[in-house]
């Protein structure tokens, strides 16, 4: 079965796995105090050109979002997200489980507009009864978005400017950051991203690791006592080395960026194939996710040979599906898929 | 200063206050086990023609919404509301404080449409990944709505039918129920309401009491152990008599309904005055709230003589304001307001 | 039926009720912005000789404890209480509902010892893994305690000194403060109390009001945005006048202190009667609660004529019960009880 | 540096790591729906002789405790634990973060007594005001305990009998289950454990895996919709294969039990060495943790060569420390430690 349904269908990039093998029998202290975690933090600070950043490793995306957002917000605050944001609709209520509301504004192919954000905050404070409503206390965007789209540097800077004016931290979910940074259309570098927001995370799970997301507090320091906050969320690994070793490998010799490039190359081939076969795009993106409208019988037929992701119902006879590539996708996989299509 | 800003600007209806005076020196047991609370429950069951209903008295509207919704929902469930619903936007995150998401669908002058609700739930279950999203576990509507509008019997029945088909309880926020039931356009009686939903509350704070909302579980029994649930929300009065005595008075000799009629009569006069003076309605309603678009200088001038409620900015020179009547509004108040206008 | 089971069995002190009657038809703005609430705050600041104090009115004791403690604590912090503290065992988990742990130390007739508190905090920080445990973030004591006992000025000062050394706020639950301050053995005045802690509340529900507790931030300012915090807990009254008017009355002409004296006088007579009748005290206290060990048949017999409170099982044939007086208890009530005993 | 401070200082058992290597490039579906997870569940059901058990894989111990306890409890319920239980004192408030109180009873070398549990529950229900307190809704024990001690079969059966009588689920934290089952003094087998409780987890992190705990609902089915519950806790791995593959390896050819035996053998040698060197035991246990009272200078000296865990202050000149072995401890390590001692 070909795997095009998501970007987490394989294990770890071989170099990441090898690092786990190489370090396996070293004794290391627990809870993220090991040498590999320390070195991974340092490598990430260097890659971000953010020497003072506070870096923490969490296990997965929903966990990272719920933990970071809870750390950023006062109890009377919520997080502003596009209505299509992962925290708004795909996390089973993990943000609310922590007591916070997700405040939504319109999403345009997965992205929020700076003007909508500015307007939302302005209307909030114009309301004479604003103390009876949830304060906008942080802003959440994803790069790339849940729809595979990208913010341009100007767009992100405009959102950041609104946040700075209102003294609200900007949090960037980088679950698929490798695939964003590697896209031809992306005009943001990792060091620039660290300048354009207050905290972000570098996705590992979907970008070459077995698990793990590296949270980087770049425009602010981590709130007081991050360790108990993280542990309270059930997010502190006893064997912190598990994420430390993997991110040490990902940020050695530019592996993280190489992983991004591999997935983007196969994604470009995939787009060409989908066009050649005449498929109708629901959304064609510069990153590793492509959204296509399929007749239901086509979807069923393809699924006999390749995993593809149900996205949403289009109409009674058509479905929107997602094709994904990852670091593990090969040109042979694309050829095989082309044969199926 | 004339008070037209809301329906909670006076104390209690004189008959309600007299009941507090009359019973003041009776010793009564605490926590809602007193004789007046018991009799109030019985009177409410009779007025609702719901002899098996479980009735509880809470203190205020946000508290009632947060407590009831928390009692209705499993942890993985959220409550569906119109985007303008009180629980969605005017409760400072009280629902989320309890761990639950408010799931929003479009609001039309404060009301949801049964078709939108049905569609929302259908799309939820069609999603192959629905277990990663928040389950619709209850439906919240308000009667009258935050915009003073009313569901017709047919509209509410249609929403209830969707809920019953999906086995989701329907909860009606009746903070202003007296004013809804008394409206000429209202084709729902209290006993009918008890048939048209699973739980609702009869608003006291805005309808003649000093405080208090009577929660009525009519289409279902209260979930297990309501007392600790209520206490956990900080909502259990030691002197439960405070709400018991008031609701006993409100449901003696039809006082609750009389209170509604008084407010509706003055509201009708108010509407006529507003029309006569040529004001532009933002929303003209059959109940005790009227929404008018005022030039900002008019708003400022009126506010020198009468309290009116900021609702939202209309444009740079106009504001939407709310005029409210209540049981305490007199025809003299309307005349005085007319003079100001 | 005589009422000796608790101190909330009657309505409001007549002067408090009269104030509600007198102000009933005044239009006032909502949510605690009315003139009576403002004046009540000012009267309380004067009575406390704390001109800069932030004062808020909440509805009941559990609600006040849960809301204030939540406002004082960071998410990684818990509140330290005696193991018999109300927040530790009689609030149905309201503190934990807000996400916080109650950290317990020994209670001696309801009181904590400063040395135990100091030791608890010292052991906490000596632990090399303290970041894996809940931080002591506030200290809770009650005055009078759940057992009717009193802290002396020296005892409370010692606890306060520990808190100041550790920079942890001290919170005093004054649900029965009137009865504490009025006791002969009490060597603390209200202004002194305001110097001896960081925040406390002046109990209304059990001390002459229909409902209401006045939270006084005296040694610190209220944390940011108290209104949404309070509303989030479902604790913001639309008719804030309800508590404002009552506390205005309670702090006019020394009524609150007079209420305390009345209850203490009847409590002293009660103690004498219990001694005369030869009852065995479980705990004899200087305030309005007395704890007696009764043979079970005596308890049953007394309960035919007077409400008394089950406290705990003593042995298979005896039960500890509580006798309470309040402002509403008369010498005639005591005489009638004496006849029953 | 020798590592005796804990049982999570190395990576994975080589066979577990090899399984990750061998399966790395297989495409597998996400979120625990992969073939390895399915097979691991089946192997665990077989090892437990519990063919109907519901099995889920979580990442770490605190996460497993917080998620399972939250799934077991109604909102008005707390979990009963020994005062030394991990959930009571070493999880940074993760249980309370989920809204639940930990109800504590005495711990004796880490263990609760069935009589204390029975007495606690009986006193709870004897209290006429029990609805104002937190209901005992589940019971938590650990095997082996935080102090390395073991419940005998009779002791656990007695606790289970109390739970069954009261219809409260019994949850066993098996973070160190391999080391418990392998101890000479242990008279409980894995299938017997599955009969003696309602839900337990098989610890992976401390027993040979990089991460992962296998939760087994054996005496009851998992509550409704476990996937969103787990995701809400941030505990659902996108690459569920990570835990599936590891547990598949751990339960192939008895590896999990072999891992336990290795650690127990080195622990026995360690005990002998500590005795030979004349060290004073704080607690000598049949499992992989030994607690010793060290003069502070000895602790400092040993720590130059070997990691050992601070446990608690003994007196001003002595400290209680923990020596741990694990599957990764070799006889050579013990010899080297002996040289240091």
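To keep things simple, chains are lettered A, B, C and D as they appear, and every chain counts its residues starting from 1.
What we mean here is this: contacts are C-beta pairs under 8 Å (C-beta built on N, C-alpha and C of every residue); 3 or more make two chains touch, one makes a residue touch a chain.
Computed from a prediction, not measured in an experiment: that's the story for all the values here.
Engineer: Measuring centre to centre, with centres taken as mean CA positions, what chain is farthest from chain A?
Structural biologist: C
Engineer: Tell me which of C-D and A-D has more C-beta pairs in contact.
Structural biologist: The greater number of contacts lies at A-D.
Engineer: Taking the mean of the C-alpha atoms as each chain's centre, how many Å separate chain A from chain D?
Structural biologist: 33
Engineer: What's the distance between the Cα centroids of chain C and chain D, rounded to whole Å?
Structural biologist: Chain C and chain D have C-alpha centres separated by 41 Å.
Engineer: So which stretches of chain D touch two or more other chains?
Structural biologist: Residue numbers touching two or more other chains: 75-76, 91-93, 97, 99, 131-134, 227-229, 231-232.
Engineer: Which bits of chain B are touching chain D when the two form their complex?
Structural biologist: Checking each residue of chain B against chain D gives 31, 70, 74-76, 99, 131-135, 224-225, 227-229, 231-232.
Engineer: Could you list, by residue number, the parts of chain A that touch chain B in their complex?
Structural biologist: 75-76, 78, 89-93, 95-97, 99-102, 123, 126-129, 131-134, 310, 312-313
Engineer: Can you list the residues on chain C that touch chain B in the complex?
Structural biologist: It is residues 1-3, 5-6, 8-12, 14, 17, 20-21, 23-30, 59-64, 66-67, 91-94, 97-98, 205-206, 210-211, 227-228, 231-239, 241-242, 307, 328 of chain C that touch chain B.
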